[in-house]
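Below, chain A partners chain B and then partners chain C, in two separate complexes.
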Partner chain A sequence: MKHTAAMRALLAEYLGLALVLAVLIAIFGLTTRNFFAPVTFRTIANQIPVAILLAVGMTLVLSTGGIDLSVGSVLALSGSVFGLLLVKYQAPWPVALAACLATGLACGAINGLVMIRWGLPSFIVTLGMLEMARGAAYLVTDSRTMYIGGNLGNLSQIAVAGVSLGFILAVVLALAAQVVLWRTIFGRYLIAIGTNEEVVRLSGIDPRPIKLAVFMLSGLLAALAAVIHCARLSSADPNAGAGFELQAIAAAVIGGTSLMGGRASVVNSLFGVLIMAVLETGLVQLQAGEPTKRLITGAVIVGAVILDRYRQRGQ
Partner chain B sequence: MSADGSLLAVSGLSKSYTVPVLRDVHFDLLPGEVHALVGENGAGKSTLCRIITGRVRPDAGHVTLRGKLFAPPNPRVAEDAGVRMVMQELNLIGNLSIAENIFLNRLPGRWGWIDYRRLHDDARRVMSLVGLDRYEPARLVHTLGVGHRQLVEIAAALSRRCAVLILDEPTAALSDTETDLLFRQLDDLRAAGTGIIYISHRMEEMQRIADRITVLRDGCMVATHPARAVAIADIVRQMVGRDLDAVARSQERQRGGLALRVNGLTRGQAVRDVSFEAYRGEILGFAGLMGAGRTETMRLIFGADPLDRGDLYLHGAGTPTRIRSPRDAVRHGIALLTEDRKAEGLLLPLPIRANIGLARMPALSSGRTWLNAEKERENTAHFVRDLSVNCRSTEQPVGQLSGGNQQKVVLAKWLFRDCEILIFDEPTRGIDVGAKFEIYRLLEDLAGRGKAVLVVSSDLKELLTICDRIAVLSLGRLAATFERGQWSEHTILQAALSGHASTPS
Partner chain C sequence: MRTNDRPLSWWLTLLAVVLLLPGCQSAGPSDKPVIALIMKSLANEFFLTMERGAQEHQKQHGGDYQLITNGIKDELDVSRQVDLVEQMIGQRVQAIVIAPADSKALVAVCKKAQDAGIVVVNIDNQFDAEVLAAQDVKIPFIGPDNRKGARLAGEQLAKKLQPGDKVAIIEGVPSAFNAQQRKLGFEDALRTAKLTLASSQSAGWEMSKANQVVAALIAEQPDLKGICCANDSMALGAVAALQEAGKSQQVQVVGFDNISAVRQLVKDGKVLATVDQHGDRLAVFGIEYALEILRNKTAPADRETPVDLITADKLK
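For the complex of A and B:
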């Protein structure tokens, strides 16, 4: 009894998006010659870890009713710090990794602290960080892309069944984040704050440390994404990550996460990332040009949200 | 006018959602009549009015207006036909002015430019009708208290001639003077032939203002009485379908030790040098007019607002305790059930389960990190049963519950938190009679168990019924404190007015 009810809830939660994904795959399977080749899926899997990590962080931030526009720039800055230490200072990679993660964490902490101290909306604070982190990235790298190459050893080549370490890490973290959201007090507080922060405060819970934590988490995930990004491209680029924040928001929104807070699902954001990636790959195989791709992607984002509205009304 | 002279007639109206909410209801309204509609929350009053004003479609039955079939597809059409409703939930836009809110859908002007002079002149005229003339029409609505916002809403309804006016709990947030003024306006409307449907939980009001009273219970029409020929007790009995034992204060409670001493509490002009003591095992009431600073005082004690001056001594301690935030307050055993439960007390879209546990999540966890679903389920079930919360399941979003059941969920949240000092700000506002008495009993029970219970209420009868002592605030100052037996409505009212008499403004 209990199990079937849980199953039904799970189906209702994920079926819609899985269906959209399946339909997309079917369409591309029929219209292109070799969409179903294993290489297609391997390519997708290896391209999206960065997007997944950013979407995970974004979903958690959105669940509190906040937004983090700075993740793309924070990715660039932490990546630059990573490259700088590896290349210029010849630091061993664990040291560079630690510094990179610390940079992301610090950016997130600054976002959170400024928000809390002056009671500013996260949109404005992280918009400021978007500019500042980008500027800092140019500053530390002298606006030049650094070739990392052999400094990382063969870290980026490790793969399980042709799927990169990054992809596995990203999916595991996404699932972990979903568990946090569902099954921990912290997750419950996130949703509660996103629903009505004043009610949380008047229930004797200080929402500020929780909000700080979620922005630090977002910064940390952006830094982790930077490491994967650098490893994949064998270089650290201060221009990296521009516009990634919007992709992360799009993935979360396709997954039904509310920009107003109080409703979020990391797994659904994962579906959001997959849908965008399949769309991108499929359209490339159809030899669609950049303008067509963007037109279609935009329409799919809005369409998915409209679909989600109907799904909710049905429940 | 129809053959039988009725202005509005409802016949055979039925409506079901998952359960029937209206069953074959017949109801009529004469021109120049105030027809009161009473019933517990969930009895179908609101649904009936929503159908009349085009917000909901009936499953069966029909409405006639002046003998002609009346089935407005939306509220706009109903309004154009002169059928208006003042909702219980306030529908005002806080960042617009009083005048703009009153005339929102017909701002005077041309080519998109608002004629503010005319707007403000018109607004002043309407505002004076409900006693809002002390304010500038350009004043922003969010700066007003709940009671005055309600008056703005009523002013908006009065600003246009209407044939049928529906008022849903218009006096819930009004002072006695404001209520008197409202009633005078209703008399004028009545004289002009407007039919008024009046929903309220305040029985005394019914007998004062209504010509006829119709009782609804569980979606069925129970009876219609001429208002002057029926006893309140009979109506209450018909509403709840059983006899209510009058809240006899069961036994004399034993007053315990000092729970809270407040010394010189001050915040701006709202709260000025307020000092009092509250004891375990007693219910201490706070009376006063709108704007007397009762809510503000409670928020200061709870740390919800920063205070300018003043000390709190808790649980008989000799040194004051600093409370800087609600978090501090709750940790020191103080709970506040806020006046506005929807905006400040409940997470409306979340299930009952999540609301009851909120203030004490660590107790429902394993290792203070992981939620323990089993504990949470048991705890929720316990409170839902204990307080007889009427719901489909504990997974039901709180926003779907009736006012009384929502209040029970807030109560459950704080009972679970198990504080020693409980502050209730308007605990029975917008709650039906049956639930009201349940809440009184709970308050008595809490005091009986040795908690210090502080109750703010605008309903003086309520305070007179349940309190051991009543403190009266007037314009931010503590005017007097009365012991049970030493008070009368008259002396309390005098104390409440005292601040107003001594200030020249």
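For the complex of A and C:
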């Protein structure tokens, strides 16, 4: 890999999305009273760790040409297990945390194993998991929201320069994932599988363990997101995360990750998450009505992807 | 993997079959009247409580009637609920007690049920009066006055504030009748107490959405003093957002529904008040009313059920 060329391409990539983001911020800064204030940016930063973690997982899955529709439900199920252990069984938090992460990992493993064993498309397998995990979440919580409160609430209050622990963790993990994707053999395999799985197989590399790993990773990240989600809201809600999978997909695609696989950038997905979050917060502050919000959000998603097309052509 | 590719239509058919299966339970032969309870989302704690109340009631009055309960996946799945009513008509139940997911879209199919000789009782979310009139159909509504309940909560909030103080309303799904009623109730209370309505926005009944909306609102309007949430899930989300912004002391929150998770917050003073509309009894009221109509062949008329304000004092 030629580093200078890669760096230049990198700059060109980030510039487009950063521009969209800057335009949005400028518009909201001019049209609302307090958007352009540190408190707004802190609010956004504290809100997006869940979206970031899910987008990271989704980007890795998409890079192999797969898709994981189950992340929102897996988040709900892992969070429910977490809340249940803390509240109902009074378990110490490390135990609850371990069980929560194990739940996410297990869901991801089931997704991966079923896909591989029966050669099914990830779309249908994870759609099944979307239903199963949601159902399981309702079962374990008896469809009730549990108030956790106590120590967990304080956990989300820990902040460095006003920015929550969750945000820092999410950004660090996203950067780590980017390094994995671009600088490790595992990352190369992901892209290679997404580009042409048959060629990977013919060159003597078994793609199956790699695909299993990427779905397990996605499940694990969803569970980690669940912990942050529960800590933020001081409660475990079996309805949590509905529709988050689509947001994660949108963030990744805005960032130029291909739904067909073979092309992915975690850092760009991060921009995708930021664009959506800035949009949501800004529209609330503009007092836009619900229909307007949806209209604009949808238009910006499509607009960003169109821009991405031009950017690719330019390269 | 492309080893076992099938056309999309194949998968969609499979999906349809899987999704339709749970609807196929049979009423079974019996001479007891069969009452079908058609709910909104059974994933929602509120409707689950309602359903449990109904099942409990059926057990105690097992000799009087048979109960079939059905719910939809989420509260917006209107067409699925229409299918459920159709299925119940097909099963020739004697009465349908329905919490419609949409106050207009379900009217036509309920009229069809009535035409088939089935008693239809409307609970929870009231059918739209204009559509009922347009379709020339009368469906009795038995349930709480959501506007009155919201007004009670709003008045409790007003007691803590001064005239001119800024208050925001977090609405439910804007198209839902009870969401609209609760919003009106909050507005009634704010107007009477001369509070300023700073913003009214929907968070679609959802906790995390409310959290995001309130976080943005409080950044934009740092002098906010109160938040009226149209349900308790959204109140939980609002409280978390206020805590994060360090505004818990400054901003008072009220909710609606009295779900278990919010009771602790009411006790701790983090939520000022919520409204109990006796969810566990709502379906039962409907069933009892349906039985009464079946027994006496009475002409259907609307009936109101109680709503009560829940504050920290009442929970001690």
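In this text, the second predicted complex is superposed on the first by the 306 of 315 C-alpha atoms of A that agree within 3 Å, B and C clash if a C-alpha of one lies under 4 Å from a C-alpha of the other, contacts with A are read in each partner's own complex, and residues count from 1 in each chain.
The criterion applied here is as follows: a contact is a pair of C-beta atoms (placed from the backbone, for glycine too) under 8 Å apart; a residue touches a chain by one contact, two chains touch by 3 or more.
Quick caveat, the model's predicted, so the values are computed rather than measured.
Of the two partner chains, chain B (first) and chain C (second), which one does A:R201 touch, if any: first, second, both, or neither?
first
I'd like to know which partner A:T297 touches here: chain B for first, chain C for second, both or neither.
In the superposition, A:T297 touches no partner, neither chain B nor chain C.
In the overlay, work out which of chain B or chain C sits against more residues of chain A.
Partner with more touched residues of chain A: C.
For A:I191 in the superposed arrangement: first (chain B), second (chain C), both or neither?
The answer is first: A:I191 touches chain B but not chain C.
Going by the contact rule set out at the top, does A:V284 touch chain B (first), chain C (second), both, or neither?
second
Tell me which partner A:Y147 touches in the superposition: chain B (first), chain C (second), both or neither.
In the superposed model, A:Y147 contacts chain C only, not chain B.
Return first, second, both or neither, reflecting whether A:G262 touches chain B, chain C, both chains, or no partner chain.
So A:G262 only meets chain B here.
Report, in rising order, the residues of chain A that make contact with chain B in one complex and with chain C in the other.
none
Going by the contact rule at the top, pick out the chain C residues touching chain A in the complex.
The touching residues are 1-5, 11, 15, 42-45, 48, 74, 174, 199, 201-202, 204, 206-208, 211-213, 215-217, 219-222, 233, 236-237, 239-240, 243-245, 259-262, 264-265, 268.
Which residues of chain B touch chain A in the complex?
On the chain B side, the touching residues are 302, 304, 325-327, 329-331, 336, 338, 343-350, 354, 358-359, 361-362, 365, 368-371, 413, 417.
Under the touch definition given earlier, write down the residues of chain A that touch chain C in their complex.
Touch list, chain A to chain C: 32-35, 37, 39-40, 43, 46-47, 115-116, 118-121, 124, 127, 134, 138, 142-147, 149, 153, 156-157, 164, 197, 229, 232-235, 237-242, 280-282, 284-285, 287, 289-290.
Which residues of chain A touch chain B in the complex?
For this pair, the touching residues of chain A are 182-189, 191-192, 195-196, 198-206, 262-263.
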